[in-house]
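Here chain A shows up in two complexes: once beside chain B, once beside chain C.
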Partner chain A sequence: MAIYLLVRILGGVVTLFCVSALAFFATALAPGNPAAVLLGNLATPERIAAVTEQMGLDKPLPIRYAIWLKEMLQGNLGTSNLSFKPVNDLVLAALPPTLELAALSLALAVVIAIPMGLILAQNRDRWWTRPLSGLVTLGISVPGFWVGLLLIVVFSMTFKLLPSGGYVPMTRSVSGNLRAMILPVLTLAIYLIPSLVRFVRVTAANVLREDYIDTARAKGAGAWRILLQHVAPNTLIPTITYIGLQLGVLISGAIVIEIIFSIPGLGRLGMNAVLNRDYPVIQGVVLLAATGYVVVNLLIDLAYSLIDPRIRTR
Partner chain B sequence: MSEALIDIRNLTVRLAGGRDAVLVDDVSLAVGKGEVLCIVGESGCGKTVTARSIIGLTRHDPRFSLSGEIHFEGRDLMRLGADELRQVQGAGIAMIFQDPMTSLNPLHRIGRQIGEVLTLHGKHSSTEIRRRTVELLRQVGIPNPETRIDDYPHQFSGGMRQRAMIAMALACSPSLLIADEPTTALDVTTQKQILTLIKKLKVDYGMGLILITHDLGIVAEIADRVMVMYAGRCVEIGAVRALFRTPQHPYTAGLLASIPAANRVRGERLPSIRGVPPILSEGRPQGCAFLPRCDFALGQCRNLPPLKASGAETDHLDRCWLTPEVKNQTLRRLQEGAQA
Partner chain C sequence: MTEISAPARPQRGAVAYILRRSPVAALLVALFLIAALLGPWLAPHSMTDTNLGQALQPPNATYWLGTDALGRDVLSRLLGSAGIAAQAFLIVVLTGGVLGTLFGLVAGGIGGLTDLVLSRVIEILQGFPTVLVAIVIVALLSPSLTNAMIAVGLAAVPDFARVARGVAIQLREREFIQAARGLGMGEMRILASEVLPNMVGPLIIIASFDGAQAIMWEAALSFLGLGVQPPYPSFGSMLREAQNFLAIQPSLAITVGLTVSAIILGLNLLGDGLSDYYDRSDK
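After this line comes the complex of A and B, so read on.
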């Protein structure tokens, strides 16, 4: 178990190292000079050259990477080219809204999608599951931003029930925070639910065909008992892995939704950084997102050994 | 057979949906208290569907539609509601499945899975359930049952898992045990042990037993009566001695002739039944379904023969048009030829 853990952590570190290289070189190789962007109308060749040197952009790429990596390993992501604030501070300030959005949406999606998938699987031969399954397919095809815009039109503009965007920190007003979060969370959850429902439904339908379900039936167990005690746990194991892999979808979905609902989160920070060629910020955001992905999937692997006895004893 | 424990009349199982596919056609059988009935036949002949229908596993499966009567302990199981049927499942009738590797829930401890039967049928005190579960595990020959009770299925070998399945089946002391090829998935030495165990427990618990198998050696060893199924129909049913000595249906005779025997003359080819059985979901020939494979077919065989007694014993029934004389001479000779 300890060895398994060590191998997994090492794998995660290697992954993050690769991501850091990718994040650095992909941005650095992109066309355009940050110094020129920074100077804007004031740009003259002399000034650009001066600023380029000042920012360290005249050094060869590998050396710039080594410097950046050294700083990064010491916990310093650099300084924004745009606002001259430390990237650490920018990222830390943008983290809470994104985490809140992601966590709430994921929780909502899981709470709705898992029971729904299980029930659809159990009743897969009933007529009423057909339209629901159709709805799921429709949901998979609908882009997230469209749902977001629709919700804004209905709830903010027509009925004026909820704010159409913005972010209220929880420290200022809990109710205000939640009110502002309702629409974005709903949008992101609607984006996540259909594929999760489909995964749970297919997995549970396969579990229902397992021999041990017949054993449970032959014991005299009722449909609900079978669903909750036998089907659900066996469905949950692959579903947890799937959710971990869906984290990428969650992150990219969060970016779109933060922009629609003007939430000052990581997604918007990263988006603005890309538009302004603010390399250190882009790299910081990418690295943070990748770290989150790797850490969460590592935790899921560990959670596996708690749920699945076949892995525990290894 | 004095008093029937279970009396199945005209059980018919069709595939639901437009196709007219009959998986089990008008099967009637009865098993007395403490009696062993073996159902034999090739793969896909409806043995398993029959067994699963008796315990009600096919009932709520939308792929099947059932008709007929299953009288058990004074009630017709086919007429019971879902809740009433559940009280019989696992308590009055229990079932053991073919593959012990997949028949246990991988995430639940062995003890919990056996205890579930007790919980479902009225026992609620956890200490009592545990005590009974340990006792059951000991009865089926699991060493150190006090500790093995907390193992997970993957910590058990195939034979031990089948023992655990047997313990589960016995938990509520059922009066009828259905075993669907309980030894097929096991290695040969384990097969023997499991069969001996089932035989012993059948006596200890005074159970009736319906054993599905295609191993005629097992049949000879354990059965009181045998039912031979072909293409979803019962083609011959009778006491094991009568059926083995004087098979009345060419299919039964062919099955018996194709048993490899240790004392067989070397060099002679092992007789086999030519052709393959019909695929039931695709329909089957008119009349006797065995007709295309039968060496003794008559014109009459295009009509379905009734199930009737043609030999000396009145409870030895078969579904064949051949005259008793032909059967007794030709089929007998076929079998003796194989044994010579």
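After this line comes the complex of A and C, so read on.
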């Protein structure tokens, strides 16, 4: 168990190290001297040279990377080239909307998709599952952000029921916060549900073919009892792994949806930074998102090594 | 080498099977191919020339699907977008397919420590947020279709690698491989000439699913401004422009979205049909 833990944690650290190197070198090698960008209209060769030295840009790349890494490890993400605010503050301010969007959407998707997948698998020979399965294929084929645009047209513009965007902090108004979140959360959930239903349906269908299901049936267990007591638990572990792997999709989806609904989250911060070549902010956003991705996957791995003892011994 | 060649799989029947079993997929993919290949010749108007006097026209005899906010013909721009989508498909399937197949083939075919290391790399790549990779690549280079699609192609590497590795492991101990080894063929040559041809079917299935994803990502990344740049049309950049006029002309966003959804649906159905076909011929 200890070795298993160690290998997983080591793997996570290696991943983050690679991401940090990628984020650093990608931005360090990008065209344009940050000192010149920083000075803007005030740039003269002397000033650029002075600022270059001040920023440590004249040192060799590996040394700059080491210095940068040291700052990162101490939790200092640097200063924005654009607003001159500490990246830490910018990122921390952008985190709550993104987390709220991602968490609510995932929760909604799981609550709808898992029962739907189980029921589709159990009734796979019935006629009424065919149109539902067709709907799932259709759902996989529709771009999520386009669904968001349609929801805005229907609910904000035609019926004027819900705001078409923006973000109200929880601390200011809980109901205002939730009202503004309905459409973004719905959009992201609709994007996540089809592939999750598909996965649960296939996994559950495989479980239903196991011998122990026949045994349970022979012993007189009803359809619902088999589904809830035997199929659901055995479908759950692969499904949790799958959700962990889908975390990247969740992060990507949240970024796109923040742009559509003007939510001031990490995605918007990152996109604005890219369009303005604000490298410290890009690095901060990429590192934070990557850390979240690695840590959650690690936690999932650990969680089911606790649930399922067979995994530990592998 | 004919005497030890691998048991051939029926590849030729695939087209007939798709035409018979999923005509919708065949129709949608055929329309997409026609639009992508012949778009520039079929387009009734210029894809990029603006004409402000004709802005936001509803569908009419001159402009069959209406015009956008700059007076450009929506039908012509959709045809151009189909070409861009086909390019996105090719870039992703080539990057992901070549790198992924190579990774999987070597990992599964050689095994041991090589497999362990490569599998770990594949695992790390898998599921890493595509938008983040795109942001990093675009920050390093510049926003363009190719740069954005390379990010999506990298995300597709694990899919191809997993399939290639699985087939390679399955085949490693089969008789015809042993025979090739007995004849003194090197491992790399065996992988290339004996194992690779046997994974074409599964790889085509992955290519159609990941190609569908590629078109969706092209739309998303161009919508964000990371991909195709104005004035050139793409499904994503058209939706980005349509978003500003949702209140005045929602039909614009609806038309573009329906078109791109139909293409993606066609490719997904094609993937489903091909999976059925190869499942069947396995038995």
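Operating definition for what follows: the second predicted complex is superposed on the first by the 280 of 314 C-alpha atoms of A that agree within 3 Å, B and C clash if a C-alpha of one lies under 4 Å from a C-alpha of the other, contacts with A are read in each partner's own complex, and residues count from 1 in each chain.
Methods note: a residue touches a chain if its C-beta (ideal position, glycine included) is under 8 Å from a C-beta of that chain, and two chains touch if they have at least 3 such contacts.
Everything quoted here is computed from the prediction, not taken from an experiment.
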{"item": "Fit-or-clash call for chain B and chain C when the two complexes are aligned on chain A", "value": "fit"}
{"item": "First (chain B), second (chain C), both or neither touched by A:15", "value": "second"}
{"item": "Which of chain B and chain C A:24 touches, first, second, both or neither", "value": "neither"}
{"item": "Contacts of A:211 with chain B and chain C, given as first, second, both or neither", "value": "first"}
{"item": "First, second, both or neither for A:277, with chain B first and chain C second", "value": "second"}
{"item": "Partner chain in contact with A:249 - chain B first, chain C second, else both or neither", "value": "second"}
{"item": "Touch count on chain A, higher of chain B and chain C", "value": "C"}
{"item": "First (chain B), second (chain C), both or neither touched by A:68", "value": "neither"}
{"item": "Distance in angstrom between the closest Cα atoms of chain C and chain B, superposition on A", "value": "14"}
{"item": "Common ground on chain A, meaning residues reached by chain C in one complex and by chain B in the other", "value": "none"}
{"item": "Residues on chain A engaged by chain C in the complex (per definition of touch)", "value": "11, 14-15, 18, 22-23, 26-27, 29-30, 137-138, 140-146, 149-150, 152-153, 157, 244-249, 251-252, 255-256, 259-260, 267, 270-271, 274-275, 277, 279, 282, 285-286, 289-290, 293"}
{"item": "Of chain C, residues touching chain A in the complex", "value": "120, 124, 126-132, 135-141, 212, 216, 219-220, 223-226, 239, 242-243, 246-247, 250, 253-254, 256-257, 260-261, 264-265, 268-269, 272"}
{"item": "Chain B to chain A touching residues, read off their complex", "value": "52, 55, 57, 62, 82-83, 86-91, 94-95, 97, 99, 102-108, 113, 116-117, 120-121, 152, 154-155, 165, 168"}
{"item": "Chain B-facing residues of chain A, complex", "value": "125, 210-212, 214-222, 225, 229-230, 233-234, 237, 307-310, 313"}
